[in-house]
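Each of the next two complexes has chain A plus one other chain: chain B in the first, chain C in the second.
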Partner chain A sequence: MGLLSKKDAKLITDPLADNNPITVQVLGICSALAVTAELKPSIVMAISVMFVVAMGSTLISLIRNIIPPKIRIIVQLIIAAVLVIIVDQVLKAFAYELSKQLSVFVGLIITNCIIMGRFEAFALANSPWRSFLDGIGNSAGYGIILIIVGFFRELLGSGSLLGFKVLGDSIEKTGLYAYGYENNGFMLLAPMALITIGIIIWVQRSRNTALIENN
Partner chain B sequence: MEHIELFFKSVFINNMIFATFLGMCSYLAVSKKVATAVGLGAAVIFVLAITVPLNWLLDVYLLKDGALAWLGPEYAEYDLSFLSFIMFIATIATMVQLVEIIVEKYAPALYNSLGIFLPLIAVNCAILGGSLFMQSREIQTLGLAFNYGVSSGIGWFLAILAIAAIREKIRYSNVPAPLRGLGITFIITGLMAIGFMSFGGMLTGGDEEKKIEQPVVVAQTEAETVKETAIATSQNETEVTQEAIDKTKNEKEIKE
Partner chain C sequence: MGLKEKLHTIKEKGKGKKWLPAFEAVHTFLYTPNETTHSGGHIKGADDLKRTMTMVVLALIPCLIFGMFNTGFQHFQAFGEPVDFFSMDAFWYGFLKVLPLVVVSYVVGLGIEVLFAIIKGHEVEEGYFVTGMLVPLIVPVDIPLWMLSVAVIFGVVIGKEIFGGTGMNILNPALIIRAFLFFAYPTWMTGDKVWVSGAVERANEMASGADVAGVSGETILGSLAQGRDFAYSVYDMFFGFIPGSVGETSTFLILLAGLFLIYTKIASWRIMVSAVLGALVMGLLFNGVVNAGWVSEGSKFYSLMNTVFWHHLILGGFAFGVVFMATDPVTGSQTNKGKWIYGFLIGFISIMIRVFNPAYPEGVMLAILLMNVFAPTIDHYVVQGNVKGRLKRIKAKTA
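Take a look at the complex of A and B:
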């Protein structure tokens, strides 16, 4: 890594696992749960959030010395809103079906806690380049969880990945279905998103016991 | 009737936490004690009741396709709906700040119980989500928008109250160590969401079945349907009369 010093690289690798925004910091849960019934919207959501967090952190960091502290939350919200409008318009222009599927959750990126959290906690006190890296790292940590949840929910719920029927055809009984396998339609419903994340937290904390809470 | 239906729909069927996952962050972070959960829940109801109708006005008179027609016919073609995110969030942020100032000045007691939560609420997904769902579900009147705001707030309040009560109790249970805290909260919320799914058929179940039956009858050729229905009804009638006879017989037997 010639481009990144060791300290900068840590900004990216840390949020991927031990300081993951979703499972450890508990930020940005809302959209993580709502869009993960299939893999494709999960990936699109992860990319959109990455764009907004990285660009937003850089912008906030650039103007951090001229923002009056009293109205900083409104300034942060406006910057997030402008970036989200760009994402929304791009999605509507190039992936209309997908933007219908994501419905209001594109708009809700504005109030995604990861964005406000990173703006408040990091971008207001650090240089633009470090803020950019921090934004990329945190949104990648968020994206990983989204993609894991989307992967399992689509695979177990509809037997496909990204729309391809990887387990065979459920109507014509080919592939796994020939042996009596059935899709678990329940995985597509809202409650299973919560339980899937619960299980991810369980697995992560059994592997890394330092994260266990004491209450 | 419309109002009652919308109320039950927003509180139970489309519950913000269990069906659409709005406001999960503060739901998870502030649900360790019942008292604080009640404070935050009340603040959410309060802010939703103000911002949803306000954003409804903005949407109908400024942002919608053709909403600017009241300015004159030359403005009728404008569609500013791409601005709705920034308008809604600006309204919410300023209203929250304004409400905080007003409450602090005129109702210090209320400020002491709600005050600390108000700044948190500007960035709560539930508030912006309420306005965005109001827009995408095309709520018709200002009264209904107010109703929608209050009732989804109540749904959120119920959810956070329930989970806070459960979390207070669960402290005395022997939860597996890696699941303690956050993990078990997720799984309990999932189980509660399964429970709330059972409200799904509460309002629409009966109506939808009727609507499906009608086109099936229309699809058949007329002569056949007339004959069939005639036969069916006559059969039904005979069955009914037989049943009636049976019943009367039974009654007689019971009397005897």
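Take a look at the complex of A and C:
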């Protein structure tokens, strides 16, 4: 890559797979269960988190040398809160229906472990550019899982993708439904999101056995 | 060379090959394996896993056959052309409806088991033998077969294999399969149509404008949850001439099967007795609440609360769940004291769910799954209590 050095590129590619925040570090599960019943909120959530983590990491990194260590958590929270409020207001202004659907979970991005984790573990000790890349990488890793889970939950649970009825109309019995297919209501409930994430973890670890913990 | 030796040489040749577990599954099903251990002293019990499982399946067969008769009987009854209960017409209709359920359950379930055995390279386990028979007995007879297959795949993989296979699961696989169907396809698992074969189809015909009479397929619990009356006698309920899941209706046969399982020491009588006690206590409590006048007749819980307390034992799937599912030795409590607590809470919670959640009039499934989760905790405290008691005695002696 011409744009990024190898070391910098790793910051983005690592969290996508082998160091994924959800499936490997098991962070941010809560929102991954709550907003993934449909694909659209999953994507919006992924973008929102990406904005907050990337911007936040950069900001923290810029002022990392002047933050008094004793109050660093408070400073991090304030920055995260400001960014979350911006996201929340933008959503309310331009995508009101979606923001109602995401409800409290946009506000709760502030408590998302991934954010504090990246601020604390990376941005406080690295240059702004690297922190920015790290934020992008981690939130992309988070987002990709959200989108996979949202994809399967919406497809199997509602028979649609992004609202398009890809499997046919379940009421008028067209497409697959004409053959007796029915939507799986269980996919819309939170337990099935957890099981879907579990299956992703299972697939990932059987492909890359180095991730399996030995007790 | 006889067939037996031939099979044995095939097995020798196949050592380390991928297909060996699949071959062995068939082999040990037909013949007793001739492998013996060569070192150490061993105590050999006559009741290995296979024999235990066979006994449970034997106990289930009467329920299955009765279920076939009942399926036909309920169908013809509801469609206004009643036939005798023990008639060929009823049996044949039910046979053709129930057999596909059994076949799908076994083919899909055993297929997954063999697949996992091959991938993991161990012998095929007998674990699915009982589950495969339980599943067709606890679903409504008209459930589409593809839904059953999806549920069986889910139940065996998520309910059992990911925990390490037979004997390692924390929840009863048959109940996971039923719970999956219940939450995934509620229109096929609840309501006033699904319990009588053909009623759903008839409802669809009516919806599309055909001029036919509607058919009700409501269970007694369903009627009660709606606050309606029902036209079945206690005799009907006890012997099972009522609509319901395929094999759960006849409390009489389930009782016989329970006695058989207790006699052969396969199922725990402690769990069965304490579950019945728990249900009776909860039923009595509800009856008491009604008698004290704390619930008005207009309340949506009134009819179920007012049900005579011991009727709960012969309604719905309670008896079936308690005899065949709660006593599962893998997922239940292991200690004797623990079994009393575990069973009692199953009975208690079953009736509570039944009464307070009209959307899920069958509480025993959820109650058993819930207590499955708590069984290890119960055992832990029973064992700790025992340890503490013994320590105290030692202290008293030495002091």
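Criterion: the second predicted complex is superposed on the first by the 214 of 215 C-alpha atoms of A that agree within 3 Å, B and C clash if a C-alpha of one lies under 4 Å from a C-alpha of the other, contacts with A are read in each partner's own complex, and residues count from 1 in each chain.
Note that in this section contacts are C-beta pairs under 8 Å (C-beta built on N, C-alpha and C of every residue); 3 or more make two chains touch, one makes a residue touch a chain.
These numbers come from a predicted model, not from an experiment.
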Touched partner set for A:L146, first chain B, second chain C, both or neither: neither
Contacts of A:T23 with chain B and chain C, given as first, second, both or neither: first
Touching partner for A:V82 - first (chain B), second (chain C), both, neither: first
Dominant contact partner of chain A by residue count, chain C or chain B: B
Contacts of A:I195 with chain B and chain C, given as first, second, both or neither: both
Partner chain(s) touched by A:E182 [first = chain B, second = chain C, both, neither]: second
Chain B versus chain C as contact partner of A:L124, first or second or both or neither: neither
Chain B and chain C footprints on chain A, overlapping residues: 189, 195, 198, 202
Touching residues (chain side chain B, partner chain A) in the complex: 18-25, 28-29, 32, 82-86, 88-90, 93-94, 97, 119, 122-125, 127-129, 132-133, 136, 171, 176-184, 186-187, 189-191, 193-194, 197
Chain C-touching residues of chain A, taken from the complex the two chains share: 180-182, 184-187, 189, 195, 198, 202
Complex contact set, residues of chain C against chain A: 144, 146-147, 150, 158, 162, 180, 183-188
Parts of chain A lying in touch with chain B, wherever the complex brings them together: 23, 26-31, 33-34, 73-74, 77-78, 80-82, 84-85, 88-89, 103-104, 107-108, 110-113, 116, 189-195, 197-199, 201-206, 209, 212-215
